[in-house]
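Just below sit the structures, each encoded as structure tokens.
You will see chain A twice below: alongside chain B first, and alongside chain C after that.
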Partner chain A sequence: MPDMTTPETVATSVAAWGLLPAVALVVAVALALGLVFAALDRVVVAGGDANAMAGPSRTVVRWLVKQRRTTLAPDRLLWRVATGAVPVLAVLSMAVVPIAGRTLWSTSADLVWFNAMEALLWAAVWLVGWGPNAVHALVGGYRFLAQGLAYELPLMFALITAGLAAGSLRTTDVVAAQADLWFVVTMPVAFVVFLASAAAFAFWGPFAAPAGADIAGGVVSELSGVERLLVEAGRAIFLGASAAMGATLFLGGGSGPWLPDALWHLLKTVLLMGLMVVAGRRVPVLRPDRYVEAAWVVLVPVTLLQALVVAVLVLSGMYA
Partner chain B sequence: MAGDIAVVTLGMLAVAAGIAVFVVDSMARATFALLASFLAVAGILLALDLVYLAVVTALMMTMEMAVMAIFMIMFMMNPAGLMPMTMVHNARGSAVAGASVFTVLTVGIWTIDWPARQGTQPDDATRQLGESIMGGHMLVMLVIGIGLFATIIAGTVLATQRGRYDRFGPELDARRPHDPVAGGLPR
Partner chain C sequence: MASTAPDRDGLELDALRVSLGPVLPGWPTGLVLTGSLQGDVLTGVEVSWLDQPAAGPSQVPASVAALDSLARFLVVAGWPVAARRARAARDALMAADEATVQRGRDAATPLARMVRRSRTLRWSVRGIGATGDGDVLDRAYRWCDAAAGAHTHTSPNAVGLHDLAALVDGQELAAVRLIVASFDIEAAPAPAHHGMSHA
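Our next item is the complex of A and B:
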């Protein structure tokens, strides 16, 4: 059995740097990661030059100044709350991702916190679809929930597998447990499923059906101006945060020779983002009804098997 | 002190959101008012340093409410649930029942002679709580869990309108099942 006690107590960034600087740093890193992801995405889709890299920044400015339109008899309260919640949840999920080796707050349930922020996104995205009182947006919201039910269990099993090997749900413990061997070596399935689920809960790439062109943009179809910016920023930040979390859980976080930890973590994060964008943009959008069956019949057993393999390895002292 | 204020504030928020469930006139608002109430309870657990229970409460309740919203709206009398509705039926009876249960619980909580803490606060209160609830009853819990799961599957099998004869023909010899939604696997 792995040692259940904390190997070394890593102070949170709040304890190390104070509340305001720590929060400001997390927000700044979250926004930067989202912008980098959007820029990489744009380069891969539209061909790469400096002009394409600046595309997302120009879009941000355009959405900031664009006049908002609305629909007939929307549920304004729920709609506003939901569009605001998407980026807030994305930034909150960054609270348990180590930045320079420290998380904003460190608890015995960091991985569950990350998962809970993504679960709250279910409510937010469905409400973004419900709010405008428009059919395409509502269809998109329902598509998201159907997809959500399908990716949720594989995602949970992938997260639990990393926690199982580390003997802790604390992200800094998971990083410490990878001192000898990165988890991606013994849990490649969990790694791939985690990244795919990240694309699914940001309804991006192959999982973009909730915002698909066949339903005129789906959940985002009635959003305009600042509200469109909030939701799209939330999606990009979730993708960037997931890449940072993926590097933390499966690629050893900040471990690496010569360079400082923070730089290694950043390099791995950007590498993962590149991997997600290049792979994700090569796959066509999956129809939810097809993906749902594949997820339940294939992904759930496969991730369970992965957890079983890791559990046996834990018992054999592989990660001790 | 800050913890006490948080618990009291979140407690009042939970009750207020719970009342809102029966005041609002749309199923979506009722559902998400209930979710707000649950999230306030999760916040109370967080203030009590039970982090795992708090985030699990938030996680489970959010998914539950999202799925519930679908079914509640699907089964409503007016299609899509876009017409005004109310969650209240038998208003007087339910008000009396709700108020009396609330009174009994509140009086009970405030008048019970709770034991004082012995020893110091553990590092991980969640682990201690789990061990004291589950410790000697793990086998029972596992059996109950499997029993519940079997019940859910049996209930679904009994409720589903289409069986294997509808899918694979009277002789069960069709190579591909005849399903209204094709699904994603080549079978």
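Our next item is the complex of A and C:
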């Protein structure tokens, strides 16, 4: 359990273990979380068939050896840059999620960092749709722009609400502030909106319209081989990272009796991933013109209201 | 190459000649839809079969045909879990032994109920592709009834290519995909006046 350290003495994993081991750990954890999410997802889509668990690993191998195809007159540079950026941004968002109580780096604006990675993901996914010079990919890219625009604000408000209660935007401080009471108790709306917005940014589950079957795969329709792998891995890693961040911000991070902190955090993260997959796969994809409306008309007001409630609780000394 | 043309909102937008098909998820293989795409609105639509489709109506039970169509519709509507269940029920119904067929029937009924009850699906696709006898959702519900064993005629949502082309003209790409997936498209070109009213 990380204690209430002052900002000057926060021990990042780089400071504690050295740069290379710390980076390697974050990348390894990110990849593992992504693989676990993809496996859980596959099992639920296959109707609980445990054999489907190996599906993602098999798909990875297939994409690695598959020959790439391309389109007529693609914007090669932007397309390549964007497909590479998706997994990199997803891994970078893990940099501020505490692993064993330590984040890769710690600034006074960890939550803003997490949000910034998502904003950049916005540009990357749009370029993945733009690059191949193809109708379905372009329509998918446009859908993602609308989706990102609609879910950026609710997500930001959900993140800020946790920061507000902790009085700090540093994730380790947010964990420490939940020593007495997990934030999910006083901010359930922010918790649910955070997970939904994460799904929207990874265009997965009910928010999969940018890569929907109705546009033949949308932004990923013209990707093949390693590039397809990079983008799909990025989506899965981002969902896994969001579950880990959700456990950090709302479920007390690594706090819990008997077991070590890291194990508690992992348990909560996996539980959260399971919840996301089961809930997200119950419903069909929301049509783009409807979900954008839902985000503006429902999510923005309720997240603002949630922030207001938490602000009043802060003033009344609830989190002191 | 793209050239511009005025679109329905009075803007000058690129008009792209596109063809959808002959292989797209959830659409009958060999169906080609050509048109000009502005933004995501499709106009000047023509629908044709790439080749003469397999002759005559296929000799499968009405519930199997309905599950096939329903599974295709659910794929396009973006509900892979329900689509998988429809395909599993369909495969069981086509099995040789009676026990498996019964299991298929037992699986089809709750699936039809789940699709009919889904508020998200209703909210998401209601009002798209409305004709004289309902929208895409009504047609999906008709397949649900047929899949669950209600007595209907073989293809409750039959449509000719000509009527289909008129119906999807001026619709957005996502709506076009759904509308086409909500019909059992007739193999032969339909006579000009099929008796279906459309706007």
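In this section, the second predicted complex is superposed on the first by the 306 of 320 C-alpha atoms of A that agree within 3 Å, B and C clash if a C-alpha of one lies under 4 Å from a C-alpha of the other, contacts with A are read in each partner's own complex, and residues count from 1 in each chain.
As a working rule, a residue touches a chain if its C-beta (ideal position, glycine included) is under 8 Å from a C-beta of that chain, and two chains touch if they have at least 3 such contacts.
Just so you know, these numbers come straight off a predicted model, no measurement behind them.
*Asks:* Taking the superposition on A as described, I'd like to know which of chain B and chain C A:Gly212 touches: first, second, both or neither.
*Replies:* A:Gly212 sits against chain C, while chain B stays out of touch.
*Asks:* Taking the superposition as given, does A:Ala279 touch the first partner, chain B, the second, chain C, both, or neither?
*Replies:* Neither partner.
*Asks:* Quick check for you: in the superposed arrangement, does A:Val23 touch first (chain B), second (chain C), both or neither?
*Replies:* In the superposition, A:Val23 touches no partner, neither chain B nor chain C.
*Asks:* Please determine whether it is chain B or chain C that touches the greater number of chain A residues.
*Replies:* Higher number of touched chain A residues: B.
*Asks:* Scan A:Val297 for contacts with chain B and chain C and give back first, second, both or neither.
*Replies:* first
*Asks:* Going by the contact rule set out at the top, does A:Tyr142 touch chain B (first), chain C (second), both, or neither?
*Replies:* both
*Asks:* Name the contact category of A:Leu127: first (chain B only), second (chain C only), both, or neither.
*Replies:* first
*Asks:* Which of the two partners, first being chain B and second being chain C, lies in contact with A:Asn115: first, second, both, or neither?
*Replies:* After superposition on chain A, A:Asn115 lies in contact with chain B alone.
*Asks:* So chain A touches chain B in one structure and chain C in the other; where do those two contact lists coincide?
*Replies:* In chain A, positions 142, 286-287, 290 sit in both the chain B and chain C interfaces.
*Asks:* If we count contacts the way the header does, which residues on chain A are in touch with chain C in the complex?
*Replies:* Against chain C, chain A makes touches at 44-47, 135, 139, 142, 206, 208-209, 212-217, 281-288, 290.
*Asks:* In their shared complex, at which residues does chain B touch chain A?
*Replies:* Touching chain A: residues 26, 28-29, 32, 35, 51-52, 55-56, 58-59, 62-63, 65-67, 69-70, 80, 82, 124, 126-127, 181-185 of chain B.
*Asks:* In the complex formed with chain B, which residues of chain A make contact?
*Replies:* 75, 77-78, 107-109, 112-113, 115-116, 119-120, 122-123, 126-127, 130, 133, 138, 142, 145, 148-149, 152, 169, 286-287, 289-294, 297-298
*Asks:* Considering only the defined contacts, which chain C positions touch chain A in the complex?
*Replies:* My answer: residues 16, 18, 24-26, 37, 40, 74-82, 84-85, 88, 118, 120-121, 123-125, 173-174, 177-178.
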